[in-house]
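First chain A sits with chain B, and in the next complex the same chain sits with chain C.
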Partner chain A sequence: MTARTTVPWGPMARMAGRRLLAAVPVLAVVTFGVFAVAAASPFDPAKAYAGSSGLGAGQEVLAQLRENLGADRPFTARWWDWLTAALHGDLGRSASLRQPVAQAIAERIGWSALLCGVAFALAVILGTALGVLAGRRRGGRFDRAVTSLSYVLEAAPPFWLGLLAIWFFALRLGALPAGGLTDTGSDTITAGQVASHLVLPAAVLAVTQLPWFVLYVRQGVGDALTEDPVRGARARGLRERTVLLGHALRSGLLPVLTLVGSRVPELITGALLVETVFSWPGIASATVEAATSVDFPLLAALTVLATAAVLAGNLLSDLLYGLADPRVGFDG
Partner chain B sequence: MAETVWRTGRATGVRVSAALLAAVVAAALLVPLAVPLDEQAVDLGAKLLPPSWSHPFGTDEVGRDLLLRCVYGLRVSLLVGVVAALAATVIGTAVGALAGALGGWADRVVMRIVDLFSSVPHLLLGVFVVAMFRPGVWPVIASVALTHWLSTARIVRAEVLSLRSRPYIDAAVSGGASRRRVLVRHLLPGVLPQAGLAAVLMVPHAIWHESALSFLGLGLPAHRASLGAMVQSARGSLLAGDWWPTLFPGLFIIVPTLAIAVLAGAWRERLNPRRRSELTL
Partner chain C sequence: MTARSIRGVAATATAAVLVAGAATACSAPGGSGGAAGDSLVVGLANEPDTLSPLLGYGKDGNSKIFDGLLRRDADMRLRPALAAELPAVTDDGRTYTYRLRKGVTFSDGKPFSAADVVFTYRTILDEKTNNAAKGELEAIDQVSADGDDTVVFRLKYPYAPFAERTVLPVVPEHAAKGQDVNTGSFNTAPIGTGPYILTGWSKGEKLTFKANPGYWGGRPKVEKLTMAIIKDDDVRATRLRSGDLDGAILPPNLAKGFKGDSSKVTLTARTTDFRGVTLPTAGKVTGDPAVRRALDLAVDRKAMVDKLLDGAGRAGHGPVPTDSEWFAKGTERPHDLDKAKQLLDEAGWKPGDDGIRSKDGQRATFTLWSPAGDKLRQEHALAFASDAKKAGIKVEVQSGTWEVIEPRMKDDAVLAGGGNPADPDFDLYNLLHSSLALDGFNNMAAYRNADVDKALEEGRRSGDKDARKAAYDKVQRGLAEDPGYTFLTHVDHLYVMKDGWKDLTTQVEPHDHGLGAGPWWNVEAWQPKK
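Right after this comes the complex of A and B.
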């Protein structure tokens, strides 16, 4: 019999509100930093705007462009213009994608969310299962195999895993497509095609996130198995399965679930590499393209977006933590 | 029973890791002295040969021996990794020690800055910095240092805070030692083992970060190929079905990373024997 728990919506909403207020200056400072770095770098917006045709452009043309773009003004002024425009929904134009930045993000963010969501869910489920099995008998053969494999996978660069997966599953077995969102030559996006193209990138991204979950769950379950509640449950003669899943897993999994939100930076890092390897049309691969072609408006907007995602993840983490452990509360 | 097996397994693991790491570092340092590699040399008659006795790792798309190229790539990666890790450790130790020793508002401001930096994903920040300042080695090193000093700063600050409450610091202060003297003579030496451990642990991260940047085409120039750049340039031959130019550079990233992780785990255990490290194989 469990006591009916009520969710403290009020304090949680207040905490979310406070964090939202705190996020405003953080995001403002991050954008300021982005502009300051760009100003300190040899990067010339006028030349970037002129693109490859800028090679032939004379000094006067470049000077005119610079004036039109306001590139000669101090970066603080340019930052302020960008910020006020951004607040009105105008994020500028992306030179590399040849469309407004807001439109580029809107078109691509869904695909990234799909990839990251599926991969993360996969990592949580698989990680929990493997972690429980490994933590059940620490030092056993299975545990050693799983733990060693986790360290190897953690050390392996995601892009390398992705390429090897392409070689094996797409080239060798011919079972799955090597990249992209749809088959080449098809104009329409069907759910079936997206699903088959999603399998490899999602699996590789999940594998890069997996070691962390496995090791934490293993640690949590293993520790919980040596504690009094489990000893008590065993003494009452409960089945091993009930002890493991009902007692050890419950207390071992809580700290992991509460840290889930703080994995957002690693997820973004993984997505940057995996989307690039598989030519997945998400915002992470757009970030890399923006960086290689120094597409500043796009790069600035995506940096801010990623920061916002990290802050949201931290908030989620703290909310879950407060829910899981009422002693912590929602004061942060 | 299982416990003792685990223990002996661990001691072997430490020995194997030490040997592997020593071999890898020695190869990266010594082989280039003995066998010169001409990055421009092309032997199209020997291109993309699978691994064999004369070429244990096979050859790449222009006929260069992959084992030799991997050693050279590792040399570049190790060099960049070590320099970047050192830079990050120096920044982190300085910031952390100052924040911990000064306390008060200075501490709060510094920790806010650390929080600020942690809220931008590392690789993204690194990509941004390199994109703005490339090409060259220094932007890559700066990008790693800029994104990796945070954890060291946190560790060092916490350590300084705990040292500050020790009696010998009180004794130094009441003995009339200046703030600066307390920091340099009494606090910093106590922090150095932790900072050293953090620096060693950071080398694999730095190599990882550098190879990711190089893979994205934002790293070092092609005539100084690091392991990540080698994986990048092998993409074409991988899609044609030749796996070896991709597989081996990646293994060269993994092996030193794992060896350092195992050794650092053992070192940490020595520093703090009560909390047995989980970082072993």
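Right after this comes the complex of A and C.
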């Protein structure tokens, strides 16, 4: 662990650059796909826009709305318009949120990123720690407890965990606030308030991601402990601690690094549910709104964001993989 | 028209008249919460899409940030707000003239004038404005200012309930003009004349308001108002219990949990929020008058109120609730299964081996759609189907989104809901008039009855209240004889509140209850308990 060679910044940057270039067509195709799927969906943008007041709206009003929203134009034309405008920095206007898309996202994305970031970090750190402890003695009492708990948590839906957490920590113990970004009665956003309000949603989101990391690390470390390098290290009389953290964990972590990238989509969907339960002012409500009201510009922007997050996750895991295992390199 | 009878009652005076008895008695003294009563935090299930009245926000009044020309008191009577008095109705009900209150300013200090009213209505009616509720103002031919303090509406036809529509909030022309009305900043940062000023809107989390010190109706005692958006009923109840909220709307089963809590009161809001089954006129089974009348008798409305609504509601015999002054006495239908069977027998619907009736080879069966995700409607649909089965009519309950349901509405029944308490015209005309058959979600049953049509037209054109009452009696009796919908229940809305304010009331609430519904409809007039 200690005597590490210098980080190969050059190859890493080149890999990031290549991925960035490759992302451009991917994003274009994905947005096209989103427009196509949205156009094929049975949702009527005019009715969705009208919402419950649409139940009283006559055909005439709905037809006018449809025209104003541009809902009767072919999706290919709308996609092209959106793409060219977006390339010039104009993300368009969201009809369903009644505000410009850039503004709608800007005022929400930070809170979502904070929630996801904290939860993800928590899941990785805690998952690794628990996984190592469990993998050290597979079949032991601690291992069996952690493993079965992991399977249970994996099966538990995030919103259910959220409700459970609110019931226990906010209601039974009264220790933590049940939702929102700050105390409901408070107007100013302070770091302390946000921190205390972040604990429950971030913990719940982390817990929903935790089982994967625990199980992967446990498997990886457990397997590595039976391999030759570890046996060799033990034979050389190295301390058990060094063996575990320096040898077993390092090779056992490799599959986990792949997991980091592939967990990002799951993290985003989990965040949507958690945000809704905890009234967290992130992008969740905007996403649901965009999808059900076939709000093309908003939908496209959110899709780009999600796709970018997934691509970035993959890039991150490949970079880490290359660092952890020099045999892999940065050629991908 | 009733306009002559009521003149300039001071806004504050009406609040004092409110009857304390509306609150279900919960005798414990308040004050345990510690808050001095000058701030209020309430939990709502739904967030507004916009705060711009130009796109429909607050169209039924109580918008907090804005005022309409008129407003409604606790008994749902119209009172002047930005108008100095109720409108003068002339030209056989075709011209409405409003004299405006003087000296009113918007919260940015600029004066309010007739130009703002004209701007508001003209912008809403503009075809480029994406206001889905603009059909409610369909009667307006033109709106114009006569000087700074008079606004004149000319209508396309005499329309008695028009004044009810003018509770619609008025926006300042100087602030809302010159930006895209559909997505501009006025949607999220509005300015109005109302009792509260928006201080923040964290989407998906909460809206915060502070009292408007210069409010023309007097500075509100509740200085700070927060409306938290909490979609999940259980979470809302939890946050109310933890003291995070002072009040919240709750379904009956969760409201029950606060019965023993002496620091809370439960308020039951009467509503015109109905649930009923559309019986498509084109259907071979549902279009048969005998089947319609039999279903009307076969359903056990009382059992639905007791079991599905936990007692928080009433049997519904039409869109007009039984305790409304507009309800036609004597049109209540009893639960009489034997009579229902007899009607079907007489009409030639004979039971087959499986108990399901048929007539001339047509089996007495039809499909009933219930909108997906709406548990209450689903339960109503199943209860209806089970009652119908007892009479020998098989109802297949299916669930789907509105996109699935809409193309099938011509032939299949739908578990519908709706209701606007302001005027009987709003519900009855849209549900029953044949000209609106299957027009959007109006008249979903394609109900067609010449006598009812005629009475509906009389009702909206006549300026005389007694004549209107007679017309709507005729409509409701016509509906009872030819029930093209089986109305089932009216659903109460329940609110649990911290017991910290005097004389809390609720209005009669509509189906769509935004942030203006609930005990806080008149929060600007609340007085803290000592």
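Keep in mind that, in the parts below, the second predicted complex is superposed on the first by the 279 of 332 C-alpha atoms of A that agree within 3 Å, B and C clash if a C-alpha of one lies under 4 Å from a C-alpha of the other, contacts with A are read in each partner's own complex, and residues count from 1 in each chain.
FYI, a residue touches a chain if its C-beta (ideal position, glycine included) is under 8 Å from a C-beta of that chain, and two chains touch if they have at least 3 such contacts.
Keep in mind that what you see is a predicted model, and the values were worked out from it rather than measured.
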| item | value |
| --- | --- |
| Which of chain B and chain C A:Leu163 touches, first, second, both or neither | both |
| Which of chain B and chain C A:Ala155 touches, first, second, both or neither | first |
| Contacts of A:Pro42 with chain B and chain C, given as first, second, both or neither | both |
| Which superposed partner A:Phe142 touches (first chain B, second chain C, both, neither) | neither |
| Touched partner set for A:Gln64, first chain B, second chain C, both or neither | second |
| Partner chain(s) touched by A:Leu171 [first = chain B, second = chain C, both, neither] | both |
| Touched partner set for A:Gly180, first chain B, second chain C, both or neither | second |
| Interface residues of chain A shared between complexes with chain B and chain C | 42-43, 159, 163, 166-167, 171, 178, 276 |
| In the complex with chain A, residue positions of chain C that touch it | 39, 41, 47, 49-50, 52, 55-56, 59, 127-128, 130, 132-136, 180, 182-183, 185, 187-188, 199-200, 202-206, 208, 224, 226, 228-232, 234-235, 238-239, 241-242, 244-245, 401-404, 418, 430, 436, 439-442, 511-512 |
| In the complex, chain B residues that touch chain A | 2-3, 5-6, 9, 116, 118-125, 127-133, 204, 208, 211-212, 215-218, 228, 231, 234-235, 238-239, 241, 243, 246-247, 249-250, 253-254, 257-258, 261, 278-279, 281 |
| Partner chain B, residues of chain A touching it in the complex | 26, 29-30, 34, 37-38, 41-43, 137, 139-140, 144, 147-148, 151-152, 155-160, 163-164, 166-167, 171-172, 178, 215, 219, 264-266, 268-269, 272-273, 276, 287-288, 290-292, 294, 299, 302-303, 306-307, 310-311, 314 |
| Residues of chain A defined as touching chain C within the complex | 42-44, 47, 49-62, 64-65, 68-69, 93-100, 107-108, 159, 163, 166-167, 170-171, 174, 177-181, 183-185, 187, 275-282, 284-286 |
